[in-house]
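Shown next, in C-alpha cells, is the structure this report addresses.
Order as written gives the chain letters A, B, C, D, E, F and G; numbering starts at 1 within each chain.
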Amino acid sequence: MEINDKLTYEEAMQRLKEIVGELERKEVKIDVLSSTVSEAKSLVEFCREKLDSTEDDIKKIIDPEAEGQT
Amino acid sequence: MAQNRKVYSLSQLNQSLENHFTTKFGERTFWVTAEVIKVNAKNGNFYLELADSKNNTMTAKSSATLWSRNYRVIQDQVGATELQGILKPGNNVLFALKITYHPVYGLKLNILDIDPAYSYGAIEKRRQEVIEKLRAAQLLDKQKSLKLPAIIKRIALIGSPDTSGFTDFNDELFSNHAFNKFVIKVFPVRVQGEQAVPELISAVKEAACFDADVIVILRGGGSKMDLAIFDNFDLANTIASSRLPVLTGIGHETDRVVADLVAHSFFKTPTAVAAYIHYAIASYKEIMGDLYDRIIHRAQRLISVEREEFNHINRYLQHHSGTMIQYWRTQFQQFENEVITAATSIVHASKRTQDNTIHQLIYQVERTVQDHQNEVDRMLEDIKVNAVHLIDQERKFSIVQRIDQIRSHSINQLERYAVVLENYNDLLDMLNPHKMLMEGYTISTIEGTDVQDVAGALTGQTLKTLTSKQLITSEIKAVKNTTKEDGNQR
Amino acid sequence: MEINDKLTYEEAMQRLKEIVGELERKEVKIDVLSSTVSEAKSLVEFCREKLDSTEDDIKKIIDPEAEGQT
Amino acid sequence: MEINDKLTYEEAMQRLKEIVGELERKEVKIDVLSSTVSEAKSLVEFCREKLDSTEDDIKKIIDPEAEGQT
Amino acid sequence: MEINDKLTYEEAMQRLKEIVGELERKEVKIDVLSSTVSEAKSLVEFCREKLDSTEDDIKKIIDPEAEGQT
Amino acid sequence: MEINDKLTYEEAMQRLKEIVGELERKEVKIDVLSSTVSEAKSLVEFCREKLDSTEDDIKKIIDPEAEGQT
Amino acid sequence: MEINDKLTYEEAMQRLKEIVGELERKEVKIDVLSSTVSEAKSLVEFCREKLDSTEDDIKKIIDPEAEGQT
C-alpha cells in the first residue's frame, strides 16, 4: 500500500488489520514476509503521526492559549 | 166466722200494736243505714223518707222523723252546715233510731243520732276513684302547663250570682283602686242540686270559647256533701281540657275537691281568687317599672359597648387591611428573590453542566486518541509476534520435518534394499549345488539336461554324474522305474 | 351588602365582623380589598348613625322634656 | 402573560407562583430564561403598583380627611 | 452543526451531548476527530456566550440601576 | 537443483517436498541416494538461512533501536 | 562380471538377479556352476558394502555433528 497524502487513518488501519489477519492465518509467504512487515511498519508510523498531529490540533482547538506551551 | 168474730175497735187494735211495739222494741236503739229519699222541714222538725234499694229496685221504705230537739243535739256535734249537707236526698246515712208506734200516726222511725263519718266515707271513696281515673287519663296536670297571663283583665266568671261567694269576689276585685279595668263575663250556674254538674260543665265549655284570660269558678262554701259536686269526673275532665287556665275559689276548710286538683290554680275562697288577681297585677307593674329602668341602663351600656366594639372593628379594618398589604408586599419581595435565586441557579447549573460536558468532551477525545495509539502499538506488536511466530513455525515444522522425512525415508529405503539383498543372498545359498554335493548327493545329466527331465529312452545314453570330488561319465545299461515321488528325489 | 332601610344593626355588625375575620385570615383578595374596605366603611357609618339615633331615642324616653335640647 | 387593565392581582400572583415553581423545578429553558425573568419582573411591578394603589384607596376610604396629607 | 442566530442553547447542548455520546461509543473516526472537536468547541463557545448574556440580562432586569456597574 | 541467489524459499521448499515425495515413492536409486540427500540438506540449509535473515530483517524493521543488541 | 569402481549397485543387483534366475532354471552348466556361484557371492558383497557406505554418507550429510559418534 502506497503511503501518500491521500491515505486516511482509517484506510491505513484497515490495511494494518488485514496484514495482521493474513499473518495470523499464515497466508504470508516467507519470501515476502519482511517486505510485508516493512509495509506494516510504515503504516504504523503513518498512523502514529496522524494521531500525534490530531492530538496537537485538538489541544490547539480546545485550549488555544496553551498553544505556545505544549 | 161472723159469730165467732171478736170485734175490736181500731183504737183497741192500735193500742194493742203500740203496746206490742213498746214491749217488743221499747227503749232499744237501732243503727240503720238508709238512703234519704225526701226531706221536709216543718217547725224545726224534719220529716224524712228513707229507703233501701238493691239493683235499682226499692227493697224497703220508711218514714222517719228527726225532732227539732234531737236535731239540735246532732247539729252541735256535726255542725249545722254539715248536717244540712248530709240530710239531703240521695245521701246514704247511718242513723241511730228508735222504732215507735203511734195509734194515730202509725209506725214511725224516730231519729236520735247520725254518724257523718259513714256519709263522708262514701264521698271520699268516690273522690279517690275519680282522682285515679283522672291520673290514668293524664288529666291531673294538664292545666298546669298553661301559662297564666301576667295581667288578668278578661275574666270568665262561673258561679251563682246570688251567692255570697260571688258577691265577695266582685267586691274584692272592684274595691281595689290600682287597677279596675276588668272585663267580666258571667256564666251563671246553680251550684247545688242535681242540675249543678251539667250546668257547670256546659258553662266551662262555653267560657273556654270566650275571649278571656282565665276562667274563674266560684262557690262560696258549703257542706262536704254539697261540695261533692266538684268531685264529678266529667266536670274535672272539662276543666282539665279547657284551653283557658281555670282558677277555682271553692270555699272549704280542709280537703280539696277534685276540681281544685285539675284546675291551673286553686284558692280557698272566692275572695282569695280576686286578691290573687290583684296581687299579680300589682307585682307585674312593679316588675315592669324595675325592668324599664334596667332596660334603659342596659340600652345605654349596650350602645357604649357597641360603640367600643365598633371603634374596635374600625381600627381592625385599618390595621388588618394594612397588615394584609404589608403581608403581600413581603410575599412579593420573596417572590422576586425567589425568581432571582432560581433563575441565577438555573444559569449556574447550566454552566456547571456545560463545564462537565466540556470536561467529558476533552476526556473522551484524549481517550479516543489514546485508544488509537494503543491500538496502533498493539497492531505493530501483533505483526511482530505473528511474523516471528510464522518463521518459528516454518523452522520447527517445515524444515525439521523435511529433514526428518528425508532421513527416515532414505534410511528406510536403505534398509529395504538391504532386505532385498539378503533375500537374494539366501536364495543364492539355497540354490548353490556345492552344498548338496558336499552332503553326498550327486547330479546326473545327459547332455547337460537333468536326467529326470530327459524324455525318451535313457538306455544307451551317456550319463554325466557330478559328485563333490569327481565328474563321472558313464553309459546307461538299464532303467528301472521306482515310485513317482521317489523319482523326483535326487 | 346593600345598605338600605331594611338592614338591621345586627346584620351590619355581623357583616363587619365577617369582613374583619376575612381580613384577619387574609381571605380577602387584593383585587377586592379596597371594595371590601369600602363596604366595611359604609357599614361602619351605618352602624354609627344607628347607634347615634338609638342613643337619642333613649335620651328622649328618659327625659322627654329635654327633647328639644339634644 | 400580557399585562393589561383586565389583569387581576390574583391572576398576576398565580402566574408569578407558576413562574417561581417552574424556575425552582428548573423547567425553564435557558433560551427563554431571560424573557421569563422579564415577565416575572413585570408581574412583580404590576402587583406592587396594584398594592400601592389599593393601599392609597384604603387610606382614602378609612380616613377621608387625611387624604390630602399622605 | 451550523452555528447561526436561529440556533438555540437547547439544540447546541443537545448536539454537544451527542458528540460526547459518539465519542464515548467510539463512533468518531480519527480522520474527523479534530473537525468534530472543532465543532464542539464552537458549540461550547456559543453556549457560554448564551449563558453569559442570559445572566447579564437577568441582572439588568432585576436591578436596572446596576446596569452601568456590571 | 542449483542453489543460488535467485532461488526463493518457496522454490527450495517445493524441491524439498519433491525429494521427500520421491523418497517416499522409492524412486531414488541407491546410487544417487546420498547425492539426493545431500541436495536436500543443502536446500534445508538454504531455507534455514533464509528464515534467519528474514527474522533479523523483521526485528530490524520493527524495532530499529534494538539493532545493535541482538 | 568384473567388480570395479565403475560398477553401480543397480548393475550388480541386475547381475545378481540374472544369476539367481539361471540357477533356479538350472541353466548353469555343471562346468561353470561353481564359478557362477562365486561371482554371485562377490556381487552380494559389493552391494552390501555399497549399502553400508551409502548409509554412512547419508548419516554424515544429515547429521554432521554426530559424525564422530557412530
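Going forward, a contact is a pair of C-beta atoms (placed from the backbone, for glycine too) under 8 Å apart; a residue touches a chain by one contact, two chains touch by 3 or more.
Just so it is clear, the structure is predicted and the values come from calculations on it, not from any experiment.
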Measuring between Cα centroids, what's the chain most distant from chain C?
G
Taking each chain's centre as the mean of its CA atoms, how far is chain A from chain B in angstrom?
94
Centroid of chain B to centroid of chain D, CA atoms only: how many Å?
55
Could you tell me the distance, in whole angstrom, between the mean C-alpha positions of chain A and chain G?
68
From the mean C-alpha coordinate of chain B to that of chain G, what's the distance rounded to whole Å?
138
Quick one: which residues in chain G touch 2 or more of the other chains?
9, 51, 54, 58, 62
Residue numbers in chain B touching two or more further chains are 314, 317, 321, 325, 328, 336, 339-340, 343, 347, 350, 361, 365, 369, 372, 380, 383-384, 387, 391, 394, 403, 406-407, 410, 414, 417
Interchain contacts, given as pairs of chains that touch
A-B, A-E, A-F, B-C, B-D, B-E, B-F, B-G, C-D, D-E, F-G
What residues of chain A sit close enough to touch chain E in their complex?
8-10, 50-51, 54, 57-58, 61-62
Footprint of chain B on chain E - complex, ascending:
9, 13, 16-17, 19-20, 23-24, 26, 28, 30, 33, 37, 40, 44, 47-48, 51, 54-55, 58, 62
Which of the residues in chain F come into contact with chain G in the complex?
29-31, 33-34, 37-38, 41
Chain E touches which residues of chain B in the complex?
336, 339-340, 343-344, 347, 350-351, 353-354, 357-358, 360-361, 364-365, 367-369, 371-372
Can you check the complex and tell me which residues of chain B touch chain A?
361-362, 365-366, 369, 372-373, 375-376, 379-380, 382-384, 386-387, 390-391, 393-394
